[in-house]
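Notes to accompany the following structure.
Chain naming follows the written order as A, B, C, D, E and F, and within any one chain the residues start at number 1.
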Amino acid sequence: MKLVTAIVKPFKLDDVKGALKTAGVAGMTVSEVRGFGRQGGHTETYRGSEYQIDFVPKVRIDIIVDDADAERVVDTIVGAAATDKIGDGKVWVTDVDRLVRIRTKEEGADAI
Amino acid sequence: MKLVTAIVKPFKLDDVKGALKTAGVAGMTVSEVRGFGRQGGHTETYRGSEYQIDFVPKVRIDIIVDDADAERVVDTIVGAAATDKIGDGKVWVTDVDRLVRIRTKEEGADAI
Amino acid sequence: MKLVTAIVKPFKLDDVKGALKTAGVAGMTVSEVRGFGRQGGHTETYRGSEYQIDFVPKVRIDIIVDDADAERVVDTIVGAAATDKIGDGKVWVTDVDRLVRIRTKEEGADAI
Amino acid sequence: MQSFSIGLAPMQADPVVTLGGNLNLLWVIIGAVLVIFMQAGFALVETGFCRAKHAAHVVSTNFAVFGLGFIGFFLVGFPFSLSAWDVSGYFGGEIGAAVGSPLIGDGSWIFLFKGGWALSGGGIDAGVIALFLYMVAFMDTTATIPTGAMAERWKWGSFVIWGLFCGAIYYPLFAAWTWGGGWLSQTWDTMSLGAGYVDFAGSGVVHTVGGVAALAGSIVLGPRIGKFGADGKPRGLPGHHIPMAMLGTFILLFGWFGFNAASTLAATDVQFAVVAANTAIAAAFGAITAMLWITKRTGKPDPGMMANGMLAGLVAITAPCAFVSPAMAAVIGVIAGVLVIEAVFFIERKLKVDDPVGAIAVHGVCGTFGVLAVGLFANGSYGAGWNVSDSEGVEGLFWGDAGQFGAQLLGVVVLWTVIFGIAYAFFKIQDTVSKSRGKGGIRSKEADEINGLDIPEMGVLAYPEFVSQN
Amino acid sequence: MQSFSIGLAPMQADPVVTLGGNLNLLWVIIGAVLVIFMQAGFALVETGFCRAKHAAHVVSTNFAVFGLGFIGFFLVGFPFSLSAWDVSGYFGGEIGAAVGSPLIGDGSWIFLFKGGWALSGGGIDAGVIALFLYMVAFMDTTATIPTGAMAERWKWGSFVIWGLFCGAIYYPLFAAWTWGGGWLSQTWDTMSLGAGYVDFAGSGVVHTVGGVAALAGSIVLGPRIGKFGADGKPRGLPGHHIPMAMLGTFILLFGWFGFNAASTLAATDVQFAVVAANTAIAAAFGAITAMLWITKRTGKPDPGMMANGMLAGLVAITAPCAFVSPAMAAVIGVIAGVLVIEAVFFIERKLKVDDPVGAIAVHGVCGTFGVLAVGLFANGSYGAGWNVSDSEGVEGLFWGDAGQFGAQLLGVVVLWTVIFGIAYAFFKIQDTVSKSRGKGGIRSKEADEINGLDIPEMGVLAYPEFVSQN
Amino acid sequence: MQSFSIGLAPMQADPVVTLGGNLNLLWVIIGAVLVIFMQAGFALVETGFCRAKHAAHVVSTNFAVFGLGFIGFFLVGFPFSLSAWDVSGYFGGEIGAAVGSPLIGDGSWIFLFKGGWALSGGGIDAGVIALFLYMVAFMDTTATIPTGAMAERWKWGSFVIWGLFCGAIYYPLFAAWTWGGGWLSQTWDTMSLGAGYVDFAGSGVVHTVGGVAALAGSIVLGPRIGKFGADGKPRGLPGHHIPMAMLGTFILLFGWFGFNAASTLAATDVQFAVVAANTAIAAAFGAITAMLWITKRTGKPDPGMMANGMLAGLVAITAPCAFVSPAMAAVIGVIAGVLVIEAVFFIERKLKVDDPVGAIAVHGVCGTFGVLAVGLFANGSYGAGWNVSDSEGVEGLFWGDAGQFGAQLLGVVVLWTVIFGIAYAFFKIQDTVSKSRGKGGIRSKEADEINGLDIPEMGVLAYPEFVSQN
């Protein structure tokens, strides 16, 4: 199996989730993260003193998929998350050795 | 080394931590995540209008272990996190190339 | 490509970010996590009853890098995050099969 | 309150009258202080019911509107509306004589007044200044109502103009007509309608006037992104801090006693005690009725609707509070508790208007009900000589005076046509001018709305440290 | 307060007496408004000390209980308890005469009253209505005490019944016996105990009555999941919002001045100033003593205990505040500051009862101490003719009147047997009936308690956006 | 307020005078209650402007300082400063006579008083006790000002000593000199300066005294880690809860009416109404001016500066509020709104002093401006016989009395030399002693400051569940 990890803009989460559902993805895990990259941050002032906002809020999505589905899932995410503006984020794939569903102890593909 | 990642129900964190301690696991990293899966979400109404709660709060646990311990650790988590109700979560294992303990610069197994 | 993951002390984030910038790292993703390890927790009392604080706040940094840069990036983090006190954290490296930049659909090294 | 003064007759010499006047002056000042504190209540209710990414913006509009409206009212709003009101009778006779005179119209057909600009010039004494302080607090309540309905998408710069406009011109109009001695208060004479248009503490003057502006502003702004689904159905966008909204509601309840009970302008008029109790009774019945009604409608006791229910009862009892019995106050509270929920549904589902906090339903709809309630439930036991009329006590339809109901109905029509029209014109013109100037109108940029108004508009997040979802 | 009226003698004709009556009426209304605002204080303290996942539920119980108790008291609670109280003497003689009469018992042995249901019917005037408003606010304080002790595990539906029951029946009983002219207030006559049972502003009538209900309810509900470890040791479950709890405590301090000082029912009785100061003194000494004591006991100045310490001082001084000197008020505050902490320890560690906010220790234990404090520290300088007795001033044991202490002791026994018994029976019966109906009792479902009551019971999270741990 | 009593002449017999005295007593108590509530405002402003990891510590210092200062003032502070103040004239003549006498100095050169320790001993009556309650509330305002400027790095143990010291000795000094009848109030006699040093409600006595202590404390503590970059430039460290700070500001506005308007000590002196209005006017103009000025300076309407602007207006009008016209109150508000921002910049950028909440700029700088404003804008229409002088009304420079400006200037010099010196010495000595004892000084440990003071100092986090960044 593969673990597909995506960093996307928060307001895009709904679209991505929708697209993945349609693409038959049964589950995913999401977390709030902060991103730093080309999009960069900006300087604001608080009570007259400047401060840096380096990080931009992003959402991280982790999805375990069958090897066969990895490519399709990545493309689905890329398609749904794109605004074509800087800061859209990244998607990457890593290899998973083993997967277990806690409730049923099923392993591998059955556990997805 | 291996990275064992588990998604469990928040109120199970204490049990899992306890079981892992007993199993000799010296450290772990935990984060608050939101899960989407078979457990599904539900619809509520706020001021008379419906809204979807798609994601369920979950806890993510990341543990670096020696290759030899991976299986035992996975089983320990599965054992401790199970409520046999839908939404118990998943555990997966990925391969780690390199590990360093920042404080001592120790590498590999010594760094765990 | 490689995924470098680091768990560091929150107040060290600025230093690490700075060092990575200097080292030419263009982007990273950060999240708030809680750590458990040798540093251990402590017992406090609330309204006269004791309670355990098992986890220490930590920051997680995920960075996708070119294979060639992995080592240098790890060393940079280790150098910048160290306080030589217990609880400094870990850095680990895992392998990445595929990377896509959502905005441009660029793949691999170009997507970093 | 009413135009012109009843109460203690001015008898310079009598130390008891003077002391009674001191007592009344204190009561009015305490009332003003309580009403001013309501600003905090509005700020918390509106902020709590909005989303975290806009919280600094929403709370700041509520904060700034106090000063903006205040300045407009101080400079010209008070003179325009209430400067000709003689309150010396309440304050012992020696202070509080009118400083103003008609500006537009005369006799029973006055539309605006003049005199006492910036509380300067002759005749300004402790009595006039006390009246100003109490009245400026009422005006600020009106000014802050639209900040709730228009929250999460209103440009700071556009909002600032509203604040000044409301204090200087918008609020003063209807206030002049009702309390200042203007034409509506004289309809007992000009149209022989009961005791003329009667609004004891402002269901109309303050709440409906604010509510129609909230509606006008929300229409011009349009709904928040994501409020209505592709199917046109409204979607719930939960407020980010329920305890904050609940605290705000309690603060409003607290301040409302100054709003209603001190509107006797006299502690020597023991009716203020009845007014205070009726206020609490309507609030309690409104809250519980709304709790039960929303449970019946959607299955759970939505905290937001409970809070709206209490406010609905408070708004509805504001006009009739001095003229009805406690039992009738309970009835008014019950009706308001149901009405506010149905109004929220109607506004969202039928009108497709987005009001994040329910300001239109609470202040506009229940305020209107309050005005009519005077014409229905007033029992004639209080209000003899109201509006310097020959009335022996304000009496509603159910107690036999159809004329009074007519007066109230007339006021309602004016509120929903003339006053709503002025508000709509104001926002529409402001929006058009801004667009024609390439400034994009009174609504904030789409990107800002999506990411939150706090950083782009205020430069700070409400909660820079708390990690939040969406 | 006491049963029946002293103060100004009614002299219709005299304008000074009338004006004095107006001043007193205003003071009572201002007092009522301050006490009503205490609801916000309770809501914040209780919500702040609970966990985020239950916050919308806890704040909503505190919000709704105001209206639920109010309605019960409005319809029948006030008539049952205080309708025969003649307060005309305070209000200038022309208003405030009693509207009720004995319902059960007569002479010095009255248990319940009747008359003035829903503030309707003859004799209801501004004076009676003012008394109602002040008294309903006291009742609501009692009603909201159990919402703290029973928080995080109480089913909404069951809670609603409590609110109505407390306002209609539970609170009125002891109030009738103490302030309404009931048998306890007559013990100076029937048992020749000092001036009879004396409770100036309600350490017993309000706080202990609420505190014993909190204990009864917590026993029936049982502790929260995870409160006691396998070893039976209590575990700390930190409150989710300390600043919220601190703000709540300050609001309670603020409102308490209305609670105690306005209980003279007269500003013409300058003792109200002494009462106000004694209230502040006990609060200050209670807070600082608790801060030092908890530091001594556990090593750090726990904010929660500091807050409880101030409330402990306030609760304890409530009964004796008019009868003791400032220095004695300080002593009472110091004792309360230690007592509340030891009581929390005893309740958790020995009784194994779970009270998330310390309501039982603060209101039940310190309220009981306050009642006894009258019988110990009252110095005889105030309270001549109290309870229409022949007493020349309420005097405690340390000043020589053992009888007064006897009266107070009797009251305490009644509170912890009869009143506690009624509360326990209420919750137990409600629980049993619900279970027998297959409704699972008054405690919320285990799964709901684990995941938080907000979504299942209220339909919304208190903080839908903030990411939270556990 | 002023030293010694004017107002109603004592005429035992006359019931109208007695009743007027009751009314005034009530007004003073209500004023005291409002000022006490300001503690909640300070707690919220200071906590909201600090970072989440210190929030339980900051809110707890604000909570505890109320009791600590109170105890010090109760035991010795009040006797030292105000025990010789005869207020019987305000309260009808029968109560409120002075209980104290000079301790150090005599005639027109008194520095400290004695008598009435712990409100015990002869002569203590409702009038004296009312004065105490009102004055202790003023003292606590001073005591809580440094908790803001010194926040996030102040050791709990060191803070506790400050609280006691401020109530017992620090605050009483200048209060004795200004209001107690001390030497500064007599400068009309000793140096023939106008009506002597005049401070109606405490821009100097309360706010500047607190502000200079805030400056002294911040200097001794040094800036927070990370406040100044390597380049020496100040860095913004955003407050963690803007709505909390805004609510606090509204609560302060609310309480300020008790602070200023009740300082007439008499509702029979109708000037209290003018004072109340002037207070609101300066607050409104201060807030809006600051909003515009910060937008001009940094581009956006920083909520923190808007809040500071309102407080600046309030602090500045506190001394002159009774002596100036409404229009002049607006001018004072405008000046304060600009002044506070420039002062914050100066303190941070030039003095390199770190004040997380702007307490030095708001209370110290604008308080000083307020003191001088009396000497500039007072129009002579009020204050005849002030400080028992022969003045026919306090008159500022612009109205022709240079002497009055001289008196005010003298007061300012004393504040910034003697009083600042005492505060600096206190903190410096405390720090040195602690270090010499190996206790590390009054500043908290570096590690604690970095991780947050909540756990190490208080044992609990303010928000144990909310996930937060940094």
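By our rule, contacts are C-beta pairs under 8 Å (C-beta built on N, C-alpha and C of every residue); 3 or more make two chains touch, one makes a residue touch a chain.
Just so you know, these numbers come straight off a predicted model, no measurement behind them.
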Tell me, which chains sit next to both chain A and chain C? B, F
Applying the touch definition from the top, give me the chains sitting in contact with each of chain B and chain D. A, E
Between chain D and chain F, what is the gap in Å from one C-alpha centre to the other? 34
Euclidean distance of C-alpha centroids - chain C vs chain F, Å: 47
Averaged over CA atoms, how far is the centre of chain C from the centre of chain D? Could you give it in whole Å? 53
Which residues of chain D are in contact with two or more other chains? 16, 19, 23, 30, 238-239, 241, 298-300, 302, 304, 459-460, 463, 466-470
Find every residue in chain B that makes contact with two or more other chains and list them. 31-32, 34, 44-46, 94-95
Applying that definition of touch, give me each pair of chains that meets it. A-B, A-C, A-D, A-F, B-C, B-D, B-E, C-E, C-F, D-E, D-F, E-F
What does chain A use to touch chain B in their complex? 1, 3, 17, 26-31, 64, 94-103, 105, 111
Using the touch rule from the top, collect the residues of chain D that touch chain A in their complex. 450-451, 455, 459-460, 467-470
Under the definition above, what is the set of chain C residues touching chain F in their complex? 10-11, 13, 32, 44-46, 53
Over in the complex, which chain A residues touch chain C? Could you list them? 2, 6-8, 31-38, 54-55, 58, 60, 70, 74, 77-78, 81-95
Chain E-touching residues of chain C, taken from the complex the two chains share: 34, 44-51
